[in-house]
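One structure, pasted below without further comment.
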Amino acid sequence: MQDQNQQAYDRGMTIFSPDGRLYQVEYAREAIKRGTASVGVRTTDGVVLAADRQVRSPLVEEQSIEKLHRIDDHIAVASAGHVADARQLIDFAREQAQVNRLRYDEPIGVEALAKEVTDYIQRHTQSGGVRPFGTALAIGGVDPDGTPKLFETDPSGTPYEWQATTIGGNRETLMSFLEDEYRGDLDLEGGITLALETLAQSNEDIDPEAVEVSVVDTETHRVRSLEAEEIDSHLAEFGGEGDE
Amino acid sequence: MQDQNQQAYDRGMTIFSPDGRLYQVEYAREAIKRGTASVGVRTTDGVVLAADRQVRSPLVEEQSIEKLHRIDDHIAVASAGHVADARQLIDFAREQAQVNRLRYDEPIGVEALAKEVTDYIQRHTQSGGVRPFGTALAIGGVDPDGTPKLFETDPSGTPYEWQATTIGGNRETLMSFLEDEYRGDLDLEGGITLALETLAQSNEDIDPEAVEVSVVDTETHRVRSLEAEEIDSHLAEFGGEGDE
Amino acid sequence: MQDQNQQAYDRGMTIFSPDGRLYQVEYAREAIKRGTASVGVRTTDGVVLAADRQVRSPLVEEQSIEKLHRIDDHIAVASAGHVADARQLIDFAREQAQVNRLRYDEPIGVEALAKEVTDYIQRHTQSGGVRPFGTALAIGGVDPDGTPKLFETDPSGTPYEWQATTIGGNRETLMSFLEDEYRGDLDLEGGITLALETLAQSNEDIDPEAVEVSVVDTETHRVRSLEAEEIDSHLAEFGGEGDE
Amino acid sequence: MQDQNQQAYDRGMTIFSPDGRLYQVEYAREAIKRGTASVGVRTTDGVVLAADRQVRSPLVEEQSIEKLHRIDDHIAVASAGHVADARQLIDFAREQAQVNRLRYDEPIGVEALAKEVTDYIQRHTQSGGVRPFGTALAIGGVDPDGTPKLFETDPSGTPYEWQATTIGGNRETLMSFLEDEYRGDLDLEGGITLALETLAQSNEDIDPEAVEVSVVDTETHRVRSLEAEEIDSHLAEFGGEGDE
Amino acid sequence: MQDQNQQAYDRGMTIFSPDGRLYQVEYAREAIKRGTASVGVRTTDGVVLAADRQVRSPLVEEQSIEKLHRIDDHIAVASAGHVADARQLIDFAREQAQVNRLRYDEPIGVEALAKEVTDYIQRHTQSGGVRPFGTALAIGGVDPDGTPKLFETDPSGTPYEWQATTIGGNRETLMSFLEDEYRGDLDLEGGITLALETLAQSNEDIDPEAVEVSVVDTETHRVRSLEAEEIDSHLAEFGGEGDE
Amino acid sequence: MQDQNQQAYDRGMTIFSPDGRLYQVEYAREAIKRGTASVGVRTTDGVVLAADRQVRSPLVEEQSIEKLHRIDDHIAVASAGHVADARQLIDFAREQAQVNRLRYDEPIGVEALAKEVTDYIQRHTQSGGVRPFGTALAIGGVDPDGTPKLFETDPSGTPYEWQATTIGGNRETLMSFLEDEYRGDLDLEGGITLALETLAQSNEDIDPEAVEVSVVDTETHRVRSLEAEEIDSHLAEFGGEGDE
Amino acid sequence: MQDQNQQAYDRGMTIFSPDGRLYQVEYAREAIKRGTASVGVRTTDGVVLAADRQVRSPLVEEQSIEKLHRIDDHIAVASAGHVADARQLIDFAREQAQVNRLRYDEPIGVEALAKEVTDYIQRHTQSGGVRPFGTALAIGGVDPDGTPKLFETDPSGTPYEWQATTIGGNRETLMSFLEDEYRGDLDLEGGITLALETLAQSNEDIDPEAVEVSVVDTETHRVRSLEAEEIDSHLAEFGGEGDE
């Protein structure tokens, strides 16, 4: 599956292959596929982020497997891929949000944040002495003007805006489900159900304890994590709840 | 297609091959061919930039796939190739434009900007520890003296001025079309049609939503993005509109 | 067991393999497996850390084979793997704890400490010129609010919280034992016995002199090392004591 | 054509081969041969530089393919080879000329300039982390004392003075023509004709639009670019004009 | 004896092998085995260090083959392995001892010194651009509180405390002898005899001139080098003296 | 002619081969052999330097092929090998001569200068990131006390003093001629003839225009370049003149 | 003679081989064997250094082939191996001697100087970016207290004190002769004869002009170079004089 030429391009630093690809960046994408999936859904009155915590052992404290992270009052992030790398990007995003408040005395826009983060990622693909980040982020939030926004970052450092997206393992299946089911007029409640149903495509019995859901609504402009019961009732809507 | 010698020149840094080529620069050109096409056309009363947004998924917000970028009031840029690299060059170009206003209290000339950008690109081909940019730019604008100008930058860091040009995938076909159809006395309206018709050479049914067009005219000296209807009516002129 | 491709990814610096793995980090995990085991158990009224000192020679002073380290009044750490690397992380953790006291005039939280340490570890996996740490830590302590906490760090720089965990050699056997035997309502005394019984899975006759046990209880918030007799009486509970 | 030994010397930095050659410098010379030719002719009353612009497409603005560059009032330069590298050397030469005026309040001598440029080139062949310049320059001008001078620089950083020379592609043919036809008593008009006739050796029908000619005469000490008609009338002298 | 994989891990810098070993550190241990042996013995009233000077030529001044080094009034060090590396560690240890006196106005503890030295050694195993130290040290001394202490450092940077130990060549034989013969109630005189008898295991006829012995006793807290006659009389106790 | 082992030692930086040689330095010596020859002769009343200018083309200005260089009033240098490297050493030598005048208010001694230059050369053979100089110099001059001196530098950075020497191509033949013909009681005129006759050993018909001769005599302490006629008359003495 | 493994350890920097050797250091020792021999002899009333100048050509000024160097009034050095490297160490030694006078207002001890030099040498074996010195030194002198001393440095950076030693080519033969003939009660005159007789072991007819001898006696504490006649009369004592 890997030929001789490919080998030549992954030593030392991120450089171009004869067909114009950056292998280190593409290998970093593979690191993302190795993780569990997260889903982001933009709705008319807010943004939903949902993530599947794949617990290695019953002794792990599930809440320490952070897949959803609060960046600021009004922005949350779902991460997929190399966990330690994700933590660095989360920290970087938090700093940027804080800097914005200090400098301009107002919350950072979702797109502005996505661009700061992707600039930082890109620098790790062009200079020697560092490797790319093996992490994708789904950045969801509500802009100061009340618009819900959802962005995704990848290891190349490109920011795209999405109506709904999925990062991490099993992307093809989940994205195809999202493309079929997403409607632009979804409200937040519908968005939560869609996000969970999408996750359920790769993990049939979803344990409400093993799922994280965060929302930012256009009314409060605040990140809120859903309680297990709330998740459970959404799971019930499509028959995705576990046997508890 | 790739022989042993070639392999030897793409490790570590950008160095000369025995036949005097810089392979990393040539591989970066391949990255450009992998992208979608953009077209630039200089007319008697302004410059036109048009780009085809190849949308990976219906869920992507098309406007977040930026192919056309406003650099300053009077200059826009179309990019092709590695998207994250393009964003760095765009940021660099914006800074240069701003610096010019601060230092000389006047808008930067199009050629001056193209040269600043290509100097920056060239430095990424001669020093160790960095790789070239996998990006081409078409820089269009109106000079302070009212002259419309169109420049192109490539990964080697060479600035050329064009009457009309195309960057990105499918270049041979599109350039050959442009060479046949371009006339020096085109006005802005004719230029818009030509730019769209050129794009249509590689993508038969052009969705007006999936096309971006920006113009800078010699009267206002300002970048203006065309609305979908305006694009649509130009598409109609050569039968290139989609089925909506 | 090791193929050609793998070889290509372990030279020079930590970079991604085509399947998205960081081999240097995975090799560092092997260094951890080569060491003796340590166990951490969180109980209702404190945290237990226990370690097996594999003494190379009867002439070594056992207490100089440090497996358990006091980081601050209220936090202790068990280490496994490359001993010299562990000492660097211990020193780093102590500095962080001290800095927290100086800066905020209060003891550092267990999770906050775990995150400082893993950030430091992660930086050793992304920049050139350094190698990852071949060390895992189990960080146990009582938070200023009285909550007992147990975290684990690995060479990738990921912090996970555990109810009970084991680091070092023989992990599969010991973890499976822990998963079977751990109950959330264990008190400190029960936790000590469980920790020792877990260690005994890989080392049948446990010499009370060769075992270190430290506890941090929710009453005193202080690290305390158990005396040999105390360890001995716990060993007696499950028949794990040696023949002395 | 390239043997194993050769491969060993072109990686990383510019070092000696067993037969005492610097391959990176020799490969850079190949980059020069890949370009179009430029000609320099020193005459009794001035220096002539002429260059052939090989236009890739009729849509390129010919004047943006700079082969001749004004360095200062009294010095012009013709370049051949890697265009982006040439631009860096041109910029460097302009700075040196300006520095001379600021420091000594007089125009820089042609030889002094050639030496500054070649020192700069040589440094790119002896230190690691950079590659040589893939560019040759013909530097022509009139010294403050009224002497016309013509120098050439190569990628090794050696400055030679010439009565007449050619850089770029097809050197053997053109130089042999120059050696046959050059006479020391040529005046400027004769020099222009000889320069064009030399260019014509490699490009039979010379389009006056596609040729650049600059002269520096001993009377005005100023660089002057010839108009197309002037070039045309010189082409007529040896039957080298195109069919317009 | 050395397979392909191993080769891959010893180039450039100290990195992990697939089985979690640091080959450069292990190779440095081999450098230690190539040297002559030194022995350290802790007794009830002091510490003994003894070393065998393997003289290459009768013309070498034996006392210039330093195997035992005074670090401070109360601490001595025996070294084994790469001599030039040992000298650097000795110098570093002396500086640390001096710094301690300047900063705290009291002699440095033996363990504190061992840890400073091993931290310094560890840094030479984790950062690029340096190689590990090919040297082991036995650090013996009397703490300010009167406790005799004996530590050993290795190329990984791990400090262990010993009752008695041996560094350098022939370790297995010598350590096994020490393990058999060492008793915790040895006094200084008995310790000297044991140290010499241990050395004699690898070098049957010990020339008292070729042996160095240093002691630090708990009464004077001072390093003292034994005279040849004193050594001779100890050798006589077990029949290890030469034929003089 | 070049075996596998040799290949291994010429990559990256100047390091020792198993037989204790510095290949990069030896390859740099090959660069010297590729050039034309220069000759230095010390006589009772001055030093002679003579060089053969191998003109690539009749259009090159011969005097721009500098083989002899004035360093200070009383010292001249002949160079052989890589021309661009020689220029750097010449510049360095001139600076040293100037520094000596500024610092001590007197001309630099010939030996002192040779040592400054060779120290500079040696540093280019021991540190990474640079390559050796592919150049030999013959440094001739008259010391402030009136003694004529002749030194030679090589790429290793060793200064030797000579009565007469030759650098550059054909060394064996020329040196053997010098060894046969040199007499210690030669005066300056005889030295000039000997130098030219030596050059003639490798280039039968010597064109007086193509030969450079510089002398420093003990009376004036000044470098003087010989005119063509003066060279011609010396050539006549041994029948070495050309056919003009 | 050189196997595959060995090749792997001599690239880039000085690192350990699997058997614990530093190949670059051992290769540097080979550089020393390639040179001519020098001899050092310590006597009751001073130290003798003698060296054989192997003259490449009768035209070389023998005194410029420096094998013996005055470091300070009371210390001289003989060098062997790579000449340009030796010169750097000599310069370093002179600076250290000067620094000692400035700082402590007294001459540097011979051992102190040997240690400064070997520390400097060792640093060139442990850090990247430099290679070891291919040079051995015999450092002879008289300490301020009147004791004659003789030290030797090698490429690893180890200082040993000798009664008599030889560095450079043919060491085995010469050292064996020295070991047979050296007596501790030799006076300076006897030492000179022994040194010359030792040199004669590898070079049958010793030309008094081709031999350098320096002595430092305990009376004057000053380095003195012997005149040819003085050398000649010593040669006569054992029949080692040439045919003059």
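Going by the order they are written in, the chains are A, B, C, D, E, F and G; count residues from 1 in each one.
The definition used in the following text is that contacts are C-beta pairs under 8 Å (C-beta built on N, C-alpha and C of every residue); 3 or more make two chains touch, one makes a residue touch a chain.
Predicted, not measured: the structure shown is a model, and the values here were computed from it.
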| item | value |
| --- | --- |
| Least step count from chain E to chain F, where 1 means the two chains touch | 2 |
| Distance between chain centroids, defined by C-alpha means - chain E, chain G (Å) | 31 |
| Inter-centroid spacing, chain G versus chain A (mean Cα positions, whole Å) | 69 |
| Overlap residues in chain C, where contacts from two or more other chains coincide | 11-12, 128-129 |
| Chain contact topology (line, ring, star, complete or other) | ring |
| Successive chains around the closed ring, taking chain E as origin and chain G next | E, G, F, D, B, A, C |
| For the chain B and chain A complex, residues of the former touching the latter | 1-2, 6-7, 10-12, 23-24, 27-34, 57-61, 63-65, 81-85, 87-88, 91, 124, 128-134 |
| Residues of chain D touching chain F in the complex | 5, 8-9, 11-22, 111, 115, 118-119, 121-122, 125-129, 151, 156-165, 175, 178-179, 182 |
